[in-house]
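Each of the next two complexes has chain A plus one more chain, namely chain B in the first and chain C in the second.
Moving on, here comes the complex of A and B:
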C-alpha cells in the first residue's frame, strides 16, 4: 500500500468511525444514565433514514426533512419512554432485553407496512453535492466531509452538555445515585424521559445523516446495531468518551481490514474486541 | 422475526381456485394443481409477488387454450428462508399432490426444493434463482428454469469489455454463490480474449461498506470495473462509486441486477453504467409492449423482470397443457412436451437447453436518463454450458 493510499484509507476509516460514534452515542448514553440496554436502538436509526427519505419525497428539501424527522424521533422517544420503558426501571435486564427485542420486530413490520420492502435512496442535497479533488483520479464528496463535521459537532455538544450544564450535572448525579438525586427534589422521572428521547434522537439523526450515503433497506437497523455494540463494549458500556475512541478504532480497523483481507474483514473487529476485553474486561473507559 | 408467522403460513397455505374453466365442457377430472413457492414476506416479498402476478396473468390469458382444465393455485410463503424449503416442497408434493411447482426466488431455497423434488414426476419451474447447480450438477428431467443461470448475464460482458478496448479490469462482488459465479463467468470470457483481471475482491455478504474499496479502485486505476451486487448493495456501490469521483473516469460494468429495480434510488449516480441481462423493460419486441400493457391493465403498475420470468413459467405450463389437449396424467409426456416448447417471451423467443435452462439473448444495456437502454445484443441465443449436467 502506497503512503497516499494509506492516508486515503485512514480518512475513509475516520469518516466511518465518526458516523459509528454518532449512532453508538445514544446507546451508551441511555445505558450509562438509565441502565437500560435498548436493543431497538438500531431501529431508531432505521426510522430516521426512512423518515428523511419519505419527507424528501414529499417536500423536496433535505434540510426541512431532516429537521422534521429529528423532531418526530424526539417525540417518538418521549412516547416510548413514557408508555413502555418507564415500566422497566425496577425490572432486571432480561425483561428490558425482551421488550426492546420486541420493539425491533414491531418497527420492522411497521416499516414494511408503511413504506414497503423496496430499497430506496436519498439524493445528496444540492448545496453539498460537489466534491473536492483528492487523488489523481478520485475526489472526495463534500457531503461526506460535512457529515464528518456534523458528527464532530454533535460529539462536542454532547461533551459540553454532560460536563458543563445543569442538565449534565443532573445526568451525572443520576448515574451515580438515583435515590439521592430524587431525595434532593429533582424530578428524576422527567430527567429519564429527556435522556431516553435524546438517545432516540441521536440514533435517528445518524440515520438521517447516513441516508444520502447509504441505501435505505429493510433490516438496516440490525446491521448497525451489532457494530454499535462492538463500539460500546470496546469503549466501555455507558462511557461517551469510550464510545468516541471505540468508534474511531473500529472505523479505522474495519476499513483497513476490508482492504487488506476482504474475505475475513467482518471477523477482524470482533477479534479486536476480544483482545480489548482480555486486557480490559470492562472496556477501555469503563466507569 | 417471522418465526410465529412461518408456522401460521404453512398451515394457512392459501388455496385459491381461479374460476378459469370454460363453461362449454367441464374439466375431465381433477383440476391442474399449481404449487407456488415464492417469498411473500421478508426482503424478497416484492420479487415473489411480481413472479406470482406474472404467472397468473399467463394462465388467465391462455384460459381458452387449456381444453377445459381447471387451474388451482396453492401458494406457500418461503420467506426466502432456505431452512424451510424442503418442508414446504414436500407438502406441495405429497399433501397437495401438485402437478407443477413454481419457485423460488432465492438460490438457497432452490437448493432445498431441489433436494425434495429432484427426479420426481412433478414438474418444477424456477422463475428466478440463478444457482448454477440447478441446471448443472443437480439438473434433472423434471426441473426447468425460465429465468437465467448466474453465468448467463456475466459471460457476455467479458467480450463487451474487450470490444470496448479494456485490458485491465478490477472485479468485485460478494463472497457467495451468485457473486462468485458472476465474476468467474466474466473472467472466463475476458481472460480467454487476452484481458487481465488485475484484482478480484470478494466481500462478505451482505456487507455494504464499499468506500474503502472504491478508494482502492481509484488507486489501482484499471481500465474498467466489473461487479455483481443487487438490491441495497447495488444502490450503495453505485452511489459510492459516483461520490468518490470515479464515474465518468473508470467505466463501471456489471451483471444486470446492478441496475434492476434500483435506478430510482441510485439516481444520477447510475448514469452510464453498462450491464448485461436477458431483459430490459424498454426492449423493443412486440410481445414485450403487449405484455407490459396487459400487466398494467391487470395490476395497475408496470411489470419488472421478475414478473416476466413468472409469466414465462405460466406460458410454459399453459402451452404444455394445450399441446397435450388438457391431459397431463402422463408425466413423461408433460416433460417431453415442455422441453420442446418455444416460449414467446417478452424478452424475445427462447427455447430450453438440454439441462432445461433458457437459451436466450443477453442484451447490453446502458443507463441513460434513469432507464436501462438496450445498446446491442451482447450474446445471441446464449446457452449455459451446464457443467456437470448429465442430461
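Moving on, here comes the complex of A and C:
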C-alpha cells in the first residue's frame, strides 16, 4: 500500500469513525443515563436521512431541511419517550428490547408507506460540492471534510454539555443515583425525556449528515444499528468517551480491512470486538 | 407430574390434540401443512431459546447462529447425491453443533449482562458474514439439498420426508421431545442448580457449585436443540442460506418467546403460533403488515406483563 493510499484510507476511516461516533453517542447516552437499550436507534438515523431527503426535494435548501429535520426528530423523541418508553422504566431489559423491536417494524413500515422502497440520494449542497486537492492525482471531497468537522463540533458540544453545564451535572447525577437526584427535588421524569430526545436527535442528525454521502435505502437503520452496538460495546456501554474511541477504531479498522482483505472485511470488526471483550469484558472505558 | 401448572396442562393437551389432527383436515392442502410444519420447527427453536433466556438467564441475541449451523452442517457433511440416514446424521450434526457451542460458550460466558447480549450478537454476525462472503458455501444464495435423507430405523421405514404430512409429524415429534427434554432437565438436580444460579449467582457459587460449568452445559444443550430445528427447517425447504443466521432471526425468536411468556417453555409454543398467525393474518390483510405487526408487538408489551402464558395463568389458576 502506497503512502498516499494509506493516508486517503486513514482519512476515510477517521471520517467514517466520526460519523459512527455521532450515531453511537445517542445510543450510549440513553443507555448510560436511563438504562434503556434502544434497538430502534437505527430507525432514528433512517428517519433523519429520509426527512432531509424529503425536505430538500420540497424546499431545495439543505440547511433549511437539515434544521427542520433535526427539530422534528427532537419532537419525535419527546413523543416516543412520553408515550412509550416512560412506561418501561420499571420493567426489565427484555421488555425494552421487545418494545423497541416493535418500533423498528413501525418505522420501517411508515418509511415504506410514506416514501416507497426506491433508493434515494441527496445532492451535496453547492457551497460544499468541490474537492480539495490532496496530492497530484487525488483529491478529497469538501463535504466529507465538512461532515467530519460537524461531527467533531457536536462531540465537543456534547462533552461540554455533559461535563460543564447544570444539565450535564444532573445527567451525571441521575446516572449514578436516580433516587437521590429525585429526593433533591429534580424532576427526573423531564430529565429523562430530554436525554431520550437528545439521543433521538443525535441519531437523526447523523442520518442528515450522512444523507449526501450515502444512499438512502430501506433497512439502512438496521445495518448501522449493529455497527453502533459494536462501537459502544468496544468503548464500554454508557461511556461517551468510550464511544468516541470505539467509533474511531471501528471506522479505521473496517476501512482498511475493506482494502486489504476484502473477503473478510465484514467479519473483522466483530472479531475485533470479541478480542476486546476477551481482554476487557466490560469494554475499554467501563464504568 | 412434570407439568406443574394447570394452565400448562390444559394448553398442551389442546395443542397436541389439534396438532395431531391438523393433517387429517388439510390432507389435500400441502401449503397449510407446510406452513404448520414451519411453525412447529420454529417452536422448537424458540423453546430452546426460552430455556436459555428465561430459565438459565443467558440472554442471547445470537441464537440463530446454531439454527443456521444445523442447516449448513447437513449440506457440508453429507454426500451430495446419496440419501443418508436421517437419524444417524442428525446425531452427527448435533454432535458437531455441541462442539461448536462448547467453543463459543467458553468465549461468550466470560461476559455477562448486556455484554453477553452483545458478544453473542457479534459472534453470530461473524458467522453470518463468514457464510455470506464465502464462495465455497454459496455466499448469499446458500446451498441446496438435492437428496432428502431416508429415515429407517433397524430396517423399518415408516417416514418419507418428501411427503409433507410425514415431515409434519416428524416436526411435531421434535416439539414433543424438546418440550419433554427441557422439562425433565429443569426438574432435575442439574436444572435446579441452573435456576438457582440465575436467581442468585453469588449464593449458588458460595454453596460450592461451579456456575460457569452449569451455564456452559446449558448453553450447549440449548444450542444443540436450535441446530436440530435449523436442520429440520433446511430439510423442509431444501436449502440453507445466510438468512438463517441473521440477527433479525434471533430477534424474532426472542420476540416470540417474550410474547408467549418468558421462561414458561410452553409459552414459547404459544408465542410462536401467535406471532406466525398474526403475521400471516396481517400479510393477507394489508401490504403494510409490518405496521400492524409492530403495533401489535408494542401493545402486547404494554398490556401483557408476563406474556400470553401469564395472561392465561391469571385466568385459569386459582
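Please note the rule applied: the second predicted complex is superposed on the first by the 286 of 287 C-alpha atoms of A that agree within 3 Å, B and C clash if a C-alpha of one lies under 4 Å from a C-alpha of the other, contacts with A are read in each partner's own complex, and residues count from 1 in each chain.
To be clear about the criterion, contacts are C-beta pairs under 8 Å (C-beta built on N, C-alpha and C of every residue); 3 or more make two chains touch, one makes a residue touch a chain.
Fair warning: this is a prediction, and the values are worked out from it, not measured in the lab.
In the superposition on chain A, contact is made by A:263 with both chain B and chain C. Of the two partner chains placed by superposition, only chain B is touched by A:138; chain C is not. Contacts of A:279 after superposition on the shared chain: neither chain B nor chain C is touched. By the document's definition of touching, both partners, chain B and chain C, reach A:105.
When both complexes are overlaid on chain A, the residue A:237 reaches chain C alone and has no touch with chain B.
In the superposed model, A:95 makes contact with chain C only, not with chain B. Once the two complexes are overlaid on the shared chain, A:9 sits against chain B while remaining clear of chain C. In the superposed pair of complexes, A:114 makes contact with neither chain B nor chain C. Residues 104-105, 108-109, 112, 263, 266 of chain A touch chain B in one complex and chain C in the other. Listing the residues of chain A that touch chain C in their complex gives 31, 37, 39, 84, 87-88, 91, 93-95, 97-99, 101-110, 112-113, 222, 226, 229-230, 233, 237, 263-264, 266-267, 270-271, 273-274, 277-278, 281-283. Interface residues of chain A facing chain B in the complex, by the touch rule stated above, are 2, 4-5, 8-9, 12-13, 15-16, 104-105, 108-109, 112, 116-121, 123-124, 131, 134-141, 143-144, 213-220, 223, 254-256, 258-259, 262-263, 265-266.
Residue ranges on chain B touching chain A, taken from their complex, read 1, 41-46, 175, 201-204, 206-209, 211-216, 218-219, 221, 231-236, 239-240, 243-246, 249-250, 261-262, 264-268. The touching residues of chain C, counted against chain A in their complex, run 53, 59, 107, 110-112, 114-115, 117-119, 121-123, 125-126, 129-130, 132-134, 247-248, 251, 254-255, 258-259, 262, 288-291, 293-298, 300-302, 305.
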